[in-house]
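Note that chain A is present in both complexes that follow, paired respectively with chain B and with chain C.
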Partner chain A sequence: MSEQSLQSTPTSDIDCSIKWPALHFLVWAVIWLLVGSVLSLISYVKLTNPAFLSSWEWLTYGRVHPAAINAMVYGWSCNAAFAVALWIMARLCRAGIRGAGLLLTAGLFWNIAVAVGIGGIIYGDMIAVEFLEMPAYVTPLMVLSYLAISVWGIISFRYRRCEQIYVSQFYILAAFFWFPWLYTVAQIMIVFAPARGVVQSIVSAWYSHNLMWLWIAPIGLAAAYYLIPKVLGRPIYQYKLAVTGFWTLALFSSWAGMRHLAGGPVPAWVISTSIVAGIFVIIPVVIIALNCHVTAFDNFDGVLRNPVLRFVVFGMVSFTLAGLIGSITVLRTVNEVIQFTYFTAGQSQLFSYAFFSMVMFGSIYFLIPRLLGREWPSARLINWHFRACSTGIVIAIAALMMGGLIQGWQMNALDESGAPVFEFLKVVGYTGPWLKIKLAGEILLLAGHLAFAVNFSRLLAGLLISEIADKIPDWIGPTFNKSREVS
Partner chain B sequence: MKNFPLFFCGIFFTLAFSWAGLVLIGHNQLGSLTTTTERIDGETGGPVKGNPLYPVSSAGMAMQGKQVYMSMGCFNCHTQQVRRQGLGADYERGWGDRQTVARDYIREERVLLGSYRIGPDLRDVGSRLPESEWHHLHLYNPQITSEGSIMPPFGFLYETRKIKEEIPSPKALNLPEEYLAPEGHEVVPTRRAEALVAYLMSLRLDYSLPEAQLTQSSQ
Partner chain C sequence: MSNPHDTSSNNRDPGGFKVMVSAIGYIGVMLIFILIVYLSYVSNQPPPIDEQIIDERLQTLAEVRANQKEAAVNYGWVDRSKGIVRIPIERAMELTVRKLAAVQEETEVSREIDEATP
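== the complex of A and B ==
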C-alpha cells in the first residue's frame, strides 16, 4: 500500500477518540523514563564507585540495576508502545477507539502493576531471572491489564474501514499477540510451575530474546514504516519486500535466543540451532534496511531538518547496526570473546534504546500535535533532546562495546604456560575508565530526557489550562475566556 | 492481507514452532534427568549401587542463603556455570575443574546461570575459598580482601554493636585496622549474612558425573 491510503489522512475524529488514553500512556511513559534514567545513572555511579550510597540495602547495585531495566522496559517502552501502536492502528484502520474509558483504566492498572513490581524489586522480592524480576504477585495484573489494552488494537482492526492492509498493521497485530503469549509461558515455566533445572534457563533466554525481537522491535518497526513515508510524502522503496521482512523476522528471530547460553550446560543442538537462526536474521534486517534507509536517504536533507524523522532515522540506523552486530556475534569465535562482558550490555542498549526509544521519541513528537491540536511549546528543547540523547547513547554504547571487547580479550588471554595473563581484578580495573565514559553517556541521556519532560509538561500545562478555561462558564470567569480568545 | 485467519495462523505458528522446537524438545530431553553416581555401572548402565548420588541437595541454611543471594541481585554480576576447557579461560582461572552440565542443576528450584561476569564465576567458589571468615570480610567490605573490586559492600548485613561485658562475640569479624568498629564495639554477622556465606560455601563443583568427569580425579 502506499502513498495513496497513507496520504488520505484519517479524520481528526480518530485522533480525538484516542486522545485521552494515549495521553495517559504517554504521561506514564515520561514518568518511567525519568525514573529509569535516574536509577540507571545511580547504578552506573555504583559501578565506578562501589561505596556510593552503599549503606542502604534497597539501593544496592543488584536491586537498582534490575529496577532501572524494568522501569525502562515495562514502564517507558511498553507505555510508549501502547500509545504509539494503538494510535497508528486506529489511524491505519480508520476506526476510532470506542471504549476510551476502559482503555484508560486498563492503562492505569498496568502502571500500578509496574509500580508495585519495581517497588518489589527494590524491597527485595525480586525473582532472579533477567527481565522477569518483578515479583510474582504483580504477574496476574500485568497479564490482565495487557490483554485489556491490546484488545483495543484488535478491535480497531476488526472494525477497520480501510481497503488494504499496511505492514505496520502486521507488526502491531502480531506484537500484541506475541507478547502476552511469551510473557505467560515464561511466567508459568519459570515462576509458577518452574521447569526442571536448566530448562528454566532455556525458557528465560527464549523469553528475553523474543521480548526484544517480537514485542519491542515490531512496535518500533511499525512506527518507522508508518512515519518515514508519511512525513517525507513518498512511498516505501520496494514495499513488496516489507511483508517478506515481517515473516522472516518472525520466523528466524524467534529461534535465535539461545546464543546467550553458548558454552553453557544445555544441549549443543539448542545453541547450534540458534546460531543458524541468528545468521538468517540478517535477511529481515537487510530487507528492513533497504525499505527504510533508501526511502529516507533519498531525501536526507528533509530527514535532517525534520525533528520527527531525525529520531526515527537514527533509530532505524541503530536497528540495522544491532541486527548486523547480532548476526556477527552469534558466531562461536566472536561469541567466546564477548560472552558475559559489557559488550552484550552494549548490544542490548543499542537495540532497546538507540533503536526503539529513539523511534518512540520521534513518534511521540509526531503524534502529540495531531492528538491535541497543539504544537510543542519549544522547538529548541526538541533540538536539545535529540542532541543530548544521540550523543549520549553513542558514547554509552561505544564505551560498553570497546570496554567489553577489551574485557573479553583480557579474560580469555592465556600466556605460553597456559595461565591467564591478567588477574581477574586487573581485568576489572581496566574496565574502570570505560565505565566512567559510559557514566558520562548516562548523564547526557538524563539531560536529554529532562529536556523532553520539561517540554512535555509545559504542553500538558497549556492543555490543562485551556481545558479548564473551556469548562468555566462565562459568568464566573469572563477574563479567562477573554484571554483564551486572544491566544 | 485479505485473509485474517491465515495471517493469524501464521503468527501463531511462527512462535509456536520456536517454542516447541527449543523449549518443549529441550524439556523432553532434560526433564527426565535424575541424580546418579559419579560413574555408571558398566553392566546395568545405571548408577553403581551403594555409591553416593549426585548432585546433592543443599542444606537448610544454604537454601536460606540462596534467598539472600537472589534478593540482593547477586546474579546480575556473577554467573554460576563453568564452560568446558578450551572455551574461554574458565578452567585456567580455576573457576571449576570440569564443565557444568544440565544434570548439575536438576535439584535447584531456581537456576542462576547468569549472563554477566562483572564478578567471577561462583559455581565452585566453595572449594576455591573454603574459609567462612574470608567471605564475611569480603561481604562486609570487598576492599578488605580484594582491593580494587567493584562489588558493593554489604555492610547492612552486619551489625555493629557494643561488646557485652568485655567478652567479644566469637562470631565477631577480625577487621583490619582501618575498618575497625569504634572503641568498645564489634561487628557481627546477622543471620542473613551467615546464611549467605553458608550458601556460597555450599557452591562446590567437587564431584564427577558420568558425562563430566573431574580432570584431577581421572588422572
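== the complex of A and C ==
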C-alpha cells in the first residue's frame, strides 16, 4: 500500500459522505426525466395531431415543448450531473464531500427553482429564448443554489488528499466554473438588461451552444474518462492526448456557437470566426474518440457484457458522431440546407440525449451500488432500459435528421425562374411521416425511462425498508428483524 | 480511471472553519464576478434607439387592453337604431348554455314521441 493511500480517506467513507446528497439529486433527476419524457411525448403527439389536448391553453405546443426541454436540461441533466460529478470528484480527490446538509438544502432549492420555472412556462410566463425560457424570477434562486452546490466539488478539489490530478477532474472543475459564467452573462444580456437587437441573438446562440459544450459535455466526458478505464481495469490509451483534448475543447468549442446565425443580419466576421472554430472542434472530438474508443474496443467483449459500459460506450460513439456531424454542418453550404429544419433538432438530441443522458445512465448504474452498498434489483430491467433507449433514440434521431435533410432540400429548391418548387405548407406536410417515426422513438424512450424508474424505485424501497428495520428495536419487531436476517 | 496528469503533495486536513471560509470565499468571488459583469455592462449600455416608439406602443397596447376588458365585462350598445346590444361574456355563456339545453331537451322529447308512436 502506498503512502498516499494510507493518508487518504477510505473509499467507503468517501461514498458515505456523499450518499444522501447524491441520492437526493438522483431522485429528482428520475422525477424530471419522467416529467420531461411525458411532456416531450405530448409535444410530438401534438406535432402529428394538432387537435390533441387542444382545449387546454397551458398544454399548447408552444408551452409544452420548451417545458419538456427545460425539464430535461435543468431537471434531469443538471441533477444527474451534480450527483455524478460530485461523486467522481470526491473519489478522485480521495476526500469526502463536506457540507452534506448544505448540499442537500441547495439541491432542494435548485429543484424548487426548476419546478417554479417549468410551472411558469406552462402558465405562460415564458421567455422566448432557447434554453432560457424559464421566467426571470427563478434566476437568482438558480444561480445561488448552483453556487452552493458546485462549491463542494471545488472544496473537494482544493483539499484533495492525493498527489495526482486526473483529466476527469479537469473537466468537472472547469464545468463548475463555466456554467455560472455562461448562465449569468446570458441572463444579464438577454433578460435583465437586454442588449440591442441582433446582439441578443448572438448571446442566445452563444449560450445555447456552450450550455451543451461547456457544461453538459465536460460532465459527460469526465464520467466517460473515469468509468471506461475503471471498469475495464486498463489505463486510457493516450493520457497526454486527453489533456490536449481538454484544452482544445475549451479553446475552440466556446467560439463555435454563432454558426447557427449564418445568413442572418450579423457581422460576417462573427459567423466566419464561429465556422473556423467549429471546424477546429474536430480536434478535441477526434482526440476524445481515439482515447475512449481505443481503450473500450480493445476489450469489446467486456463492453458488451457490462451494462455500465454499454451505456457509456453508446454515449461516447454518439459524442463522436455529434462532433463530426457538427464539424461538417458548420460549413456555410451545408448550413444553408439544414438551417431551420428538424435536422438541427436531431443534432441537439444526438448530443444531449444519445451522448450525455446515456453516459449518465451508465454512471448511475455504476454509482448507486457503490453508494448504497446494494445491487440493482433487476438486471432484466437494466437490459430493457438499454434496448428501449438505444433503439428509441436511434429511431428518433434518424427520423429527425432524414426528415430535416429532405425538408431543407425542399425549402431551398428553386425552379428555372428562381421561384420555390415546393410551397411552404406542402413542405410542412411532407415532414408528417418523419414526425410519426420520431413519435415512435419517443414512445420507446418513455418505456426505457419507466423501466429505469421502476428499477430505481424498487432499489429505494429496499433501502428504506432496511433503514427503517435497522431502527426497529428487537422487542417491537422481532419477527420482522428475524425474517430479514434469514433472507 | 484515467491516468494521472500531475503530481503535487497536497495532503491537508482542513478544519471545518477553514472549509467554510473557502466555500464562502468561492461563492463571494462568483457573486462579485456577476456584479462586475452587470455593472460594467449596464453602465456602458446605450439607451434603446426606439425608446420613444416602445413607450408609445406600450401605451397603445394598454389602452386597447383596457377597452377590450371594459367591453368584455359590461353591457353596452352596438347599434342603438337596430336594437343591437353587447352583453358581458359571462352572461352570454349562461344564455348560450340555456339555449343549447333547451334545444337538447326539445330533441329528446321529439325522439321519445317518435319512439312511442307506432
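One rule holds for everything that comes next: the second predicted complex is superposed on the first by the 477 of 487 C-alpha atoms of A that agree within 3 Å, B and C clash if a C-alpha of one lies under 4 Å from a C-alpha of the other, contacts with A are read in each partner's own complex, and residues count from 1 in each chain.
FYI, a residue touches a chain if its C-beta (ideal position, glycine included) is under 8 Å from a C-beta of that chain, and two chains touch if they have at least 3 such contacts.
Because the structure is a prediction, the values reported are computed rather than measured.
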Item checked: Residue contacts with chain A in the superposition, chain B compared against chain C -> B
Notebook entry, point to check: In the superposed arrangement, does A:184 touch chain B (first), chain C (second), both or neither?
Noted result: second
Next item on the list: Figure out whether A:242 sits in contact with chain B (first) or chain C (second), or with both, or with neither.
Entry: second
Checklist line | Partner chain in contact with A:429 - chain B first, chain C second, else both or neither | finding: first
Check: So, does A:196 touch the first partner chain B, the second partner chain C, both, or neither?
Finding: both
Notebook entry, point to check: Which of the two partners, first being chain B and second being chain C, lies in contact with A:170: first, second, both, or neither?
Noted result: both
Margin query: Applying the document's definition of touch, where does A:229 land relative to chain B and chain C: first, second, both, or neither?
Written below: second
Checklist line | Touching partner for A:148 - first (chain B), second (chain C), both, neither | finding: second
Notebook entry, point to check: With the two structures laid over each other on chain A, which partner does A:416 touch: chain B (first), chain C (second), both, or neither?
Noted result: neither
Note to self: With both complexes superposed on chain A, which partner does A:92 reach: first (chain B), second (chain C), both or neither?
What the structure shows: second
Check: For chain A, which residues belong to both interfaces, chain B and chain C?
Finding: 165, 170, 181, 185, 189, 195-196
Next item on the list: Within their complex, state which residues of chain A touch chain B.
Entry: 46-48, 50-51, 54-57, 60-63, 65-66, 124-130, 165, 170, 173-174, 177-178, 181-182, 185, 189, 194-203, 206, 210, 214, 247, 250-251, 254-255, 257-258, 260-261, 263-267, 270, 273-274, 336, 339-342, 344-345, 411-414, 418-420, 424-425, 428-429, 432
Note to self: Touching residues of chain A toward chain C in the complex: what are they?
What the structure shows: 4, 7-8, 92, 98-99, 102, 143, 147-148, 151-152, 154-155, 158-168, 170, 180-181, 184-185, 188-189, 192-193, 195-196, 225-226, 229-230, 235-236, 239, 242-243
Item checked: In the complex, chain C residues that touch chain A -> 1-14, 16, 19-20, 22-23, 26-27, 30-31, 33-34, 37-38, 41-42, 45-46, 48-49
Notebook entry, point to check: Can you list the residues on chain B that touch chain A in the complex?
Noted result: 1, 7-8, 10-12, 14-15, 17-19, 21-23, 26-27, 29-31, 33, 69-77, 79, 81, 83-84, 87-89, 92-93, 99-106, 108-118, 120, 142, 146-156
